[in-house]
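Single-structure report; data block below.
Order as written gives the chain letters A, B, C and D; numbering starts at 1 within each chain.
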Amino acid sequence: MQKNKLIKFSTEVIILAVLFSLVQYLITTGLLNQYYQINLTSMCINIILAVSLSLINGFTGQLSLGHAGFMAVGAYASVIVTNMWDYPFIAGLLAACAAAGLAGFIIGVPTLRLKGDYLAIATLAFGEIIRVTLQNIDYVNGPAGILGIAKLTTWPWLFGATVLTILVAVNLINSSYGRAIISIREDEIASELMGINTTKYKVLAFVIGAMFAGLAGAMYAHYFYIIKPETFNFLKSFDILVMVVLGGLGSTTGAIIAAISITALTAALQSFPAIRMILYALILIIVMIYRPQGLMGNKELSLKTFGRIWSGRK
Amino acid sequence: MSLMEISNLYKSFGGLSAVLDFNFHMEQDELVGLIGPNGAGKTTVFNLITGVYKPDQGSIIFKGRDLVGLAPYTICAQGVARTFQNIRLFNDLTVLDNVKIAAHKDVPYGLMSAILRTPYFFKGEDQIEQQAMKYLEIFKLDKKKNELAKNLPYGEQRRLEIVRALATSPQLLILDEPAAGMNPQETQELMELIRLIRDKFNLTILLIEHDMSLVMGVCERLYVLDYGQIIAEGTPQEIRSNIRVIEAYLGEEVE
Amino acid sequence: MLELTQQIVNGLSLGAIYALIALGYTMVYGIIKLINFAHGDIMMVGAFVGYFSLTMLGTNILIAMLTAMAACAILGVLIEKIAYRPLRNSTRIAALITAIGVSLFLEYITIFILGPSQKVFPDSAFPIKAYDIAGLSILNKDLFVFVSAVVLMLILQYIIKWTKTGKAMRAVSLDQEAAVLMGISVDKTISITFAIGSALAAAAGVMVGVYYNTVNPLMGIIPGLKAFVAAVLGGIGIIPGAMVGGFVMGLLETMVSGYGNSLYRDAVAFGVLILILLIKPSGIFGKDTGEKV
Amino acid sequence: MLEVKEIDVYYGAIHALKKLSINVEQGSIVTLIGANGAGKTTTLKTISGLLRPRSGAIYFKGNEITKVPPEKIVGLGISQVPEGRRVFASMSVMENLEMGAYLRKKKSEINSDLENVFTRFPRLKERSRQMAGTLSGGEQQMLAIGRALMARPQLLLMDEPSMGLAPLLVKEIFEIIKDINSRGTTILLVEQNANMALSIADYAYVIETGEIVLQGNARELMHSEDVKNAYLGG
């Protein structure tokens, strides 16, 4: 048992190390050109967003439509700290997580009492309020946004942030705390009657999800030079929702796979934005009608699955 | 002192009285049944005890503390656990996870330990798992620990609900129609199981049941509820011959 | 005082539009407990049908409105049949996500076909005139919007209150199973509800065209959201609630733009929504109901 | 008139009715009695088409209705007074009655039936404009019966009309049931109140956990110990 754990752990570390070095090598040697680097960055940011939203929508079962709002809070907080106050990037990242987490707490405590579609609408409204508020703050240039942000998001930062997000999400889910969170999705009343303080755990998942959305926002801001409130409107929240729904409500690997595929699809359809959105729409409708639990459902893809395929047993 | 003492409990929904001046007491280690015709208010009483509904009036003293106004999870932490009339398992989770969730209030490690995967985490998880398996074995569900709850046959789902309630380590176990939908043989087995866990875990048990053979066979004392009020109390034999009870069930004699 | 009255006059026509859209939200919610996220986009389609009826067929504004209503009634019924009916027994979340999908689909298929740019409602369709009444300046387009919206609401009231179909709609929304036992076809009744709600949205779309003078594929989003807020404000599922909520939203919005910062205009709707949801989620006219165990 | 032949009905995983068979003769009152959760309501819902049997068949006047959708079954002449009355709470008494006649076209006939209902239940006439939800339990039960009668049923299914009513009202309701039957409507009455039901019925079935355990002439069952045992355990 103990030995198995060790083998699993080392395999994971080795795979991650290889992945990291390979990409780093490709970037340093210039084999990975600008275009692919941008897509790689989007991919990682989308993974962070999808995994963090999956924690709320997929595992806790609380439909949130305001994730882009937390991303905005993180983006602005980090830019204020790095660009305007001249602190190092790590301080910006911490500020992003803290500010977005705080926003998640302030919004989560009152709204998470609401259920189902009411909660969805309330989070959407809060997301929009964050955007409108940013538009009205002169300190951050209102609707025009902030330009000329230093490009601090490099591959090591990006890789670290993505791995950290996944690690925290997976470790949280596979613990007693995670089970408490999932039980809320399964049956909130039964959960409460089995001694779970459902409000506390809903807020916990919401805050952790918001923190990582903030992290993604910071990564985004320090790669793409410019942020403005309009970028983080509710269509952005829907984007993330599509990934979570497609991947499977309650599957971290599903969210990752969906984030990667959707980013690739977006890149391929860059010159046809309308078609991309029509495809999104159809994906949402068709998945909900024929496979409402998403492509992966709540199943996870693991090394074991690969191992099984590799050795050909069932 | 009684383990639980309910006095003058009232609850109405939109002008309709569901529970009306309900008075009731239970002693430590008793096995009590609450019966009554359809719509008499039995499940409402359970929902009031476990905090799903707030009573309009009255008190529910459990181990000397009034449960009225407490959140359901706090009431559970006080030592009251229940099952549901329409099974409410965590359907998409495994049998084992269903039980582990109920053991959550005793979780022996912190959030940071979980995220950082410290040795406390692994030790704690082992402990929870052993505890859960112990309960599953008693109910002969240990071999099915990795099946999803929704894939269990009906009778086993009913049993798993009881296991899950037990895993919260309660003093008072409330069973809402545990034999509903079971066949006579399953009902028989369940009866024995209820007696067994009562003795093994020093439990006090309160149950609602339609199946009179189960109620009469297993309960030491019965309360009969009609129109939200207790109309009779006594041993199964007394209840069976009580005119008011017969009338409540069969209607008044005609002619 | 005069200025306040002027603001109220301005707010009434906007409120009437919101009320019309809100009615569709509320009727659909009342009968199948779904927030039809695509409702604002049906309004947009209605506006475009009206636009093309005016420009290509050269009809007058009333005919354009009727055409739009007919077209959207059919669209609404189709959307329900194709996208929502298969989900009637699944979770409300699944239905809501599907509605979001339908909304995106309508928006971007319109962009795909017509391009993203806005189209100007022809001036000839509705020459603007201003009347001076007791010191107030009233535009004929405001009058047109207000009067036709009120007429439509009266017709709706008549249908719901007095016709057999309207009564069946109420019966189904109150107790589906009991309605079936009366011989009412639930499917048919839901279709009719979508048809009526969508037709009202289409009428509102044409009015928005007249009111703002332009139409574009994303025009349904914000009025749609505001009308939704209006429906929730009045108590979702309650028809008079939607009407009152619509007027309140319209008045509130003109007040905020008139006296405050117009950048905050859109935030007001969301602020109101959050306040109601947190204080009384069932809305002004709603009753609170708990979950059954 | 109605023939239920060996139906098996499942509620999710629960086997609610096991090879259940019932016959209802034209013009009679047949009652189905048994304790809570025995499957009485399930039986009526299956006859009305709200639930589908997994096997077995239901015939009405010789025609199979097993697969007919519920809203069509009403048109064939079977009406139901559902358990818990289920009146349309925020519609007026009058509107509730109109809904009962939803499938009928002839205005004159509907109006004369409406008069009949009002003669039978004068209290409904007094309150015809009141919201059904504001009526008392007994009045709601009368409204539910009146509503079902507005469809001019040949067979009336009644699900626990006595539930939640005071004893005096229960007597009144049962008088009404007898009267409806005497004017030619066949009745299948589901009841928990066995004594009352047996006193007006011609034939009775006793159901226990989804199975008919006893049947026979209602008068004969009336004093049978077996009935009591089916309720209170033997």
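One rule holds for everything that comes next: contacts are C-beta pairs under 8 Å (C-beta built on N, C-alpha and C of every residue); 3 or more make two chains touch, one makes a residue touch a chain.
Bear in mind that the values here come from a model prediction, so they are computed numbers and not experimental data.
**Student:** How short can a chain-to-chain path be from chain B to chain D, counted in steps between touching chains?
**Tutor:** 1
**Student:** Taking each chain's centre as the mean of its C-alpha atoms, which one ends up farthest from the centre of chain D?
**Tutor:** A
**Student:** Using the touch rule from the top, work out which pair, A-C or C-D, shares more C-beta pairs.
**Tutor:** Ranking A-C and C-D by C-beta contacts puts A-C first.
**Student:** Starting from the mean Cα coordinates of chain A and chain C, work out the distance between those two points in Å.
**Tutor:** The answer is 34 Å.
**Student:** Measuring centre to centre with CA averages, how many angstrom lie between chain C and chain D?
**Tutor:** Once rounded, the distance between the two centres reads 42 Å.
**Student:** Can you compute the centre-to-centre distance for chain A and chain B, using the mean CA position of each chain? Integer Å is fine.
**Tutor:** Once rounded, the distance between the two centres reads 40 Å.
**Student:** How far is the middle of chain B from the middle of chain C, if each middle is the mean of its Cα atoms, in Å?
**Tutor:** It comes to 48 Å between the two C-alpha centres.
**Student:** Among all residues of chain D, which ones touch two or more of the remaining chains?
**Tutor:** Residues: none.
**Student:** For chain A, which residues are shared contacts with two or more other chains?
**Tutor:** Those would be 189.
**Student:** Would you give the residues of chain C that are in contact with at least 2 other chains, written as numbers and ranges?
**Tutor:** Residues 293.
**Student:** Which stretch or stretches of chain A touch chain B in the complex?
**Tutor:** Result: residues 167-168, 171-172, 175-180, 182-183, 186-187, 189-198, 204, 250, 298 of chain A touch chain B.
**Student:** Could you please specify the touching residues of chain B with respect to chain A in the complex?
**Tutor:** Chain B residues touching chain A: 50-52, 71-73, 76-77, 81-82, 84, 88-93, 97, 100-105, 107, 109, 111, 114-117, 121, 124-125, 128, 164-165, 168.
**Student:** Within the complex, which stretch of chain D touches chain C?
**Tutor:** So the residues of chain D in touch with chain C come to 48, 50, 70-72, 74-75, 79-80, 82, 86-91, 95, 98-100, 102-103, 147, 151.
**Student:** So in the complex, which bits of chain B are touching chain D?
**Tutor:** Contacts found on chain B: 37-39, 153-154, 157, 177, 180-181, 183-184, 210-213, 215-216, 227, 240, 245-246, 249-255.
**Student:** In the complex of these two chains, what residues of chain C are touching chain A?
**Tutor:** 34-35, 83, 86-87, 90-98, 100-105, 107-109, 111-112, 116, 228, 232, 261, 263-264, 266-267, 270-271, 273-274, 277-278, 281, 291, 293
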